[in-house]
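The two complexes that follow have subunit A in common; it is paired with subunit B in the first and with subunit C in the second.
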Partner chain A sequence: MHAQRSDIRTGQLFTLLFVAQAAPAILLSGRSTGGSDPLQGILSVGLTAAAGLVLTLPVLLLRRKTPALASRGPFALLPVVYIAGTVWLDGAFLGLFQVFLQDTVNPDFSARMTVTLLVLCAAYGALRGLECVARCAGVIFAFLLVGTGLVLGITATRMDPGNLPPPFYDGCGQTLRGTGLFLSRLSFLPALAVLFPRAKGGAARPLLGFAGGLAALYALILLLLGGCLGPYAGTQNFPVYALATLTEVRSMQRLDAVFVGVWFLVVTARIALGLTVCRACGQSLAGDRGAVGWVLGPAAGLLLVTLLVSEVRPVREVLLAPGPQLAILLLLGAGVPLGRLGRLRRAERSAP
Partner chain B sequence: MSRLLRAGTALLLCVGLLLPLSGCGALELYQRLLIHGIGVDRAGDDLVLTVRSSAGEGREEAFSCRGATVADALVQLTRSTGRRPFLAHNYLVVLGRACAEHGLTPDLDFFIRRSGTRPAVELYLARDTAGAVLCAQKDGAFLKMSQLQELSSAAQEIGLGEAVDLLGFENALLTPGRDPVLPVAAVQEGEVVLDGMGFFRGDVLAGFLPAEALRGLLAAQNRLSGGEAVVPGAAGGSATLALTRCMSRLDPDPADPLRFDLRVELLADVAAYPTGERALDEAAYAFLEQGLSAELEGQIRSILRAAGEAGCDVLGLGSTVYRRAPQAWRDLEDRWPQLLPQCAVSVTVSVEVRRIRQEVRYSAR
Partner chain C sequence: MENAVSPKLAENKAYFARAFAHAMDFMLRDLEVGGVPAALMALDGLVSKQVITLSILEPLVRAKRLPRQGDVLGYVEREVLYAMEQRRETDRETLLTLLMSGFAVLCLEGCPEALVFGVQGFESRGPEEPQNEVMQRGAKDGFTESYQNNMAMIRRRMKTPALKFEPLEAGDSSHTPLALCYLEGTASREIVETVRRRLADARLDTALGAGYLSGFLDRRGAFSGVGQTERPDVVCGKIAEGRVAVLVEGTPSVLLVPFLFVENFQTMDDYLTRPFYAGFIRWLKYLAFFVSAFLPGLYVAIAAHHPEVLPETLMLKIAQEEAQTPFPVLPETLLLFFLYEVLREAGLRAPKSLGSIVSIVGGLVIGETAVSAGLVSPISLLAVALTAVAGYTVPRLYEPLAVLRLSFLLLGGLLGVWGVAVGFTALLFDLCAGTAFGVPLLSPVSPFGRRPVLRDVAARESWKKLSRRRARVQDLPGAAPQTQERK
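Presenting the complex of A and B:
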């Protein structure tokens, strides 16, 4: 078992996880929330937050028992599975982000090159270490609060209750569908399983702040989508960006560029977190040797998945399908820690 | 990693990110056509676009192009000007009457889907052609697009019109039980003026509301925020009332979804009185209140009659049922345009003219 350094505090870790988990918010749409009723969307977010807290329990309990991602016996290949899962989830997200850049932002520069540079920046951060990525995420968190707060605060002046549909007009199916879809995006679970042993300090308050804050952010965005954009949101591929284009205060117009700029930082933090997880998994297999390979290798895999998701439609439908993503998250985020916890408890009971 | 290598890598990444994100390699300003206003007219199967753009140094220029669709016409514009249209700062879209009579969905779809456009762009309906509105000149100078954009907002502030943007129009179109309206722009002696509102059945123009009735439309929709109203004075002449607050409420009858109760409450101040009296008696105030409430009631009833006969729900009676009694709406939704003329709306407008009672009579010397 390799000795683990306590690189960061739990508050820093959960700030990093918050920023990473906020990243998909810019890609929210009726399709990704299961319907257009904002009330049911908010309920789905609440249920997902509660379920997410329950799913973190095995990781919290495991932390006390063993500090490392075990790489012996039946769990020898576990780090490789975590790396593959992280590359899949982050690559799929990044591919959809690239589609967003190409389709909606439609810049005059290559979205593929921008995403590649973003991954290289994230890789650099991962090579610098978890503490570097966590500190950077702290700064990005401040930008996220200020930037998003400014844009959404201005947009909120256009709230019109007449845009909101009657609650549960089409039944409560959206609540269940939405909860499943949101659960399939809880990419923080595998990262928490790998990195939590390396964080020092109590977990209860940071965890509750993380879950509550994230739920509040998504709930606010869903409410503004329904109240400000109304049925118009259904005409847009990425309605959160359309919401940001509404910002105008006198001469301050088109603050959507600010919004996209902030989200670039957020996405960079998310990818840096994923590559840090890959490096930590590599360390559990091979120690401190080959850190560059354990970061750049998954980074290359990530770019390949991004390319496939953004350019090849059949592959996009498979890699973005919520069912397999949910399965990976439940397995890596809760199933494996639960299995390890059970094994440790059996070992303790059978010990003299 | 050595410190030098780290610094070099960080610098390289910063420069690498700055290059694409700052748009290096993108078009120069002179290669772009900075569009501030677009007019869409229908000519047979084709669309004629009138485009207003900035020519630098405060000058404006206008172009005309033709195509099967809005996008096709903009491509023709590039061919004729050599510049790529830049839509991110487009203030407004004027739609010609022929487009509105044909149905606006095909023409507006470009502005909804296309990246670079925005949902807050103001919409106008031209009384005749959009080209005439956008190319109107006074003293040899084009009307500035920013001025035209402000026309409907200013009219809404004084209670004589309603500003409608693409977001508002589409939401009215997509919300069950509502039909959209658009401000009408007309050219009179070289000037562009607002000339009432056009109301639609779906996306097809169904009729016009005169400018005199628009205060009632705003009041009924709880959007009247100000303005002055001229009403007869008790002793003859005309008095001016400044409207300070308006609250309205539309309630469906729980027992009959085709019956509604519309209550409008207005607060006003006396801005001018024909006799110059400062201390009005109670009878004078009551006369003013009755005059304004009768005027507004008449306007609201005329709107309900005109729009209802065309099957257009401009006041959102159906959407009120949709939100307040969704189960009842399920039975009515498919037949709503036919049921609309049968809707009975009880309109009650109560006006309170504020009595300050601080006037002082000075005895004559």
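Presenting the complex of A and C:
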């Protein structure tokens, strides 16, 4: 993709990626951690964070060589692959989020309409530009810290270490399975590959803060799930929501609606980031023309994937399968930058 | 040139007489100046007749014989007249505009130029305490309709030659005079140039108030990037931070650009009270803003869709009240809002003598009777009343708040807390996307700047600390323009 002007700082970009990558935390369950042992889950989170740092290296190194991710030749059509990958990953996530709303929260109004409104709102943000989405993510980050801190802080008082199973009682297979599953949810990698050239400033501290903060958030949630819910967590489709329903501030006994409300902000930011990636890819193909189409087109595709995932069970199984998701993430997030880096190295060596 | 002043006095007189045909305020006095026929013209009501008589007519009539050759007008300028503000003009169209701005015009036989004198003397209102920006401790004088008086009020407070007032004009028919006010060396050259260009490009037939022009300076969106104030001390404070003010003849409001979102919460009193109290009031206003924007939406969302969030006693109370009213909570709250806005508008527009009647009818008859008749529940009434009162703590934001709270009310009623959350995100996108003259509207909150936030957003630092470092709007995080010194 072509070089873009610098319009945000790396700190802003990693804050945006943090918010986007925190969004799936509300959907955490035994299926997404590979088992019910929270301590092994935390270990998986740590390993995923380390692996995630390694996977970002090609993008970081590539920026030192050239600000552009791809240009001509075999890379010319890559933006289309990035758009398709983003629509798939975000659509699958949103579909699961809609399932969570319909089946677990079960509101007395249409969850589909709410999700459609959410996508439209995210599209509006993407149309206003990366700078807008990144600034907005800064504010949402503050809400996320306060909202999550409040809910998790209150539920922490109900923590009972007796609820935690003995570590590694079932071998260490869950750690490996969980690491693989967590890796398949690292949707920030393609976004980083596309948007990192547009950020200015050093990357080391923001990246470490991003990885460390995210690992801490997931680890805390897993610990509280195990410590507060115990084996009950394994019986829930979405145990994080079950954890939020335990929140009690004096006579206010249920703050889960507020918790889900905060998560709506987070999910909107994530979808807006995905649509911004689509817009950036579209612009690298067609210049500044048709920005609206490059946002609304993928938004429509995203709604279609969401509908399929939430309504058609076999499609859900295929689109949410961790294997293909991991493959596309590795390809777009690390493979393409690595390939580009290799070509540049070869070009440098062959130059007289 | 068709519009050039003619050396023949009769032609000039005929031109002006034609231009002001059927205009009874047009005054033309024929006279002889040192034996040369002349005509003095002015518009009644715009000039001071006393000044014209003493400073212009008397010296002209008493003038000795004028030289027959050479620069006759120059001789009159140098040797005859005492006027402080006078200049030559050759274009008759310009002379027309000057006449309508309170200048007197002197044409002499044989001279292809005219002399104009600034002898404005129209009646104007004296400075009074601004009705829309009442302060507890600040100065009590406010701007008036005369932009010249307003310039003087600013100049009295900023005794520095760096204070500039650039003349501009708006309105093809009204030719409304404007003044671009800024501090040279403090204001960004780019911002000044952008304001100048946008005002010059403003295509208006008439400019009868500052609001006519703010649209040409402003961004699209819920929150404005152009501020208005009626207080000279506020203008001085703002231009000291690198902002640009636009004074418009005929209006007591001065435009301020760029105007950021956080400035809506700042008042002059904040800087005149002790920092801890200013900080406390600042947070009270932030809270009031959120209450005013979100309370009705959240109330309806929680009452209609998420009652489990509420404490049990309150939930039962709301359920009991709602059971006794004919409408569900959303239409009931909408009805109350409609009534409140109607009453507010009526109170604002009604003649003063009827104001108390509107209050009685609104407050007692509608409010009290609607509750006692069981049409609306007291809790809904309380939510709407609290929202309305909270909104008045940030009066500058009343207009966007009125529309926003209605939007959040509908979203909350239809989609619960999630609808409000999505609406809030859309609002955040709008705020975050906005820039006012290259400065992000939400700066220094996002993009975040620790120093400016601690200085005058999250708290108000003491004057000892504030005065240590000059804060300029173009230095805020994310701002594009540069100061003149840095260029």
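One rule holds in what follows: the second predicted complex is superposed on the first by the 347 of 352 C-alpha atoms of A that agree within 3 Å, B and C clash if a C-alpha of one lies under 4 Å from a C-alpha of the other, contacts with A are read in each partner's own complex, and residues count from 1 in each chain.
Just so it is clear, contacts are C-beta pairs under 8 Å (C-beta built on N, C-alpha and C of every residue); 3 or more make two chains touch, one makes a residue touch a chain.
Not measured: the values here are computed from a predicted model.
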Thinking of the overlay built on chain A, is A:254 touched by subunit B (first), by subunit C (second), by both, or by neither? both
With the two complexes superposed on chain A, say which partner A:232 touches: subunit B (first), subunit C (second), both, or neither. first
Looking at the overlay, what does A:124 touch: subunit B (first), subunit C (second), both, or neither? both
Just checking: does A:209 make contact with subunit B only, subunit C only, both, or neither of them? Give me first, second, both or neither. neither
Contact-wise, after the overlay, does A:138 reach subunit B, subunit C, both or neither (first, second, both, neither)? second
Answer with first, second, both or neither: which of subunit B and subunit C does A:114 touch in the superposed model? both
Considering only the touch criterion stated at the top, classify A:30 as touching first (subunit B), second (subunit C), both, or neither. neither
Applying the document's definition of touch, where does A:269 land relative to subunit B and subunit C: first, second, both, or neither? second
Go through subunit A and flag every residue that touches subunit B in one model and subunit C in the other. 107-109, 113-114, 117-118, 121, 124, 128, 254, 264
Using the touch rule from the top, collect the residues of subunit A that touch subunit B in their complex. 103-110, 113-114, 117-118, 120-121, 124, 127-128, 162-166, 169, 229-232, 234-236, 242, 245-246, 248, 254, 264
Quick check on the complex: what are the subunit C residues that touch subunit A? 302, 305-306, 308-313, 414-426, 428-430, 432-433, 440, 442, 445-448, 478
Which of the residues in subunit B come into contact with subunit A in the complex? 1, 6, 9-10, 13, 16-17, 19-21, 23-27, 88-89, 112-113, 115-116, 118-120, 167, 170-171, 174-175, 316, 319, 322-323, 326
Touch list for subunit A against partner subunit C, complex: 9, 12, 107-109, 113-114, 117-118, 121-122, 124-125, 128-129, 131-133, 135-136, 138-140, 250-258, 260-262, 264-265, 268-269, 272
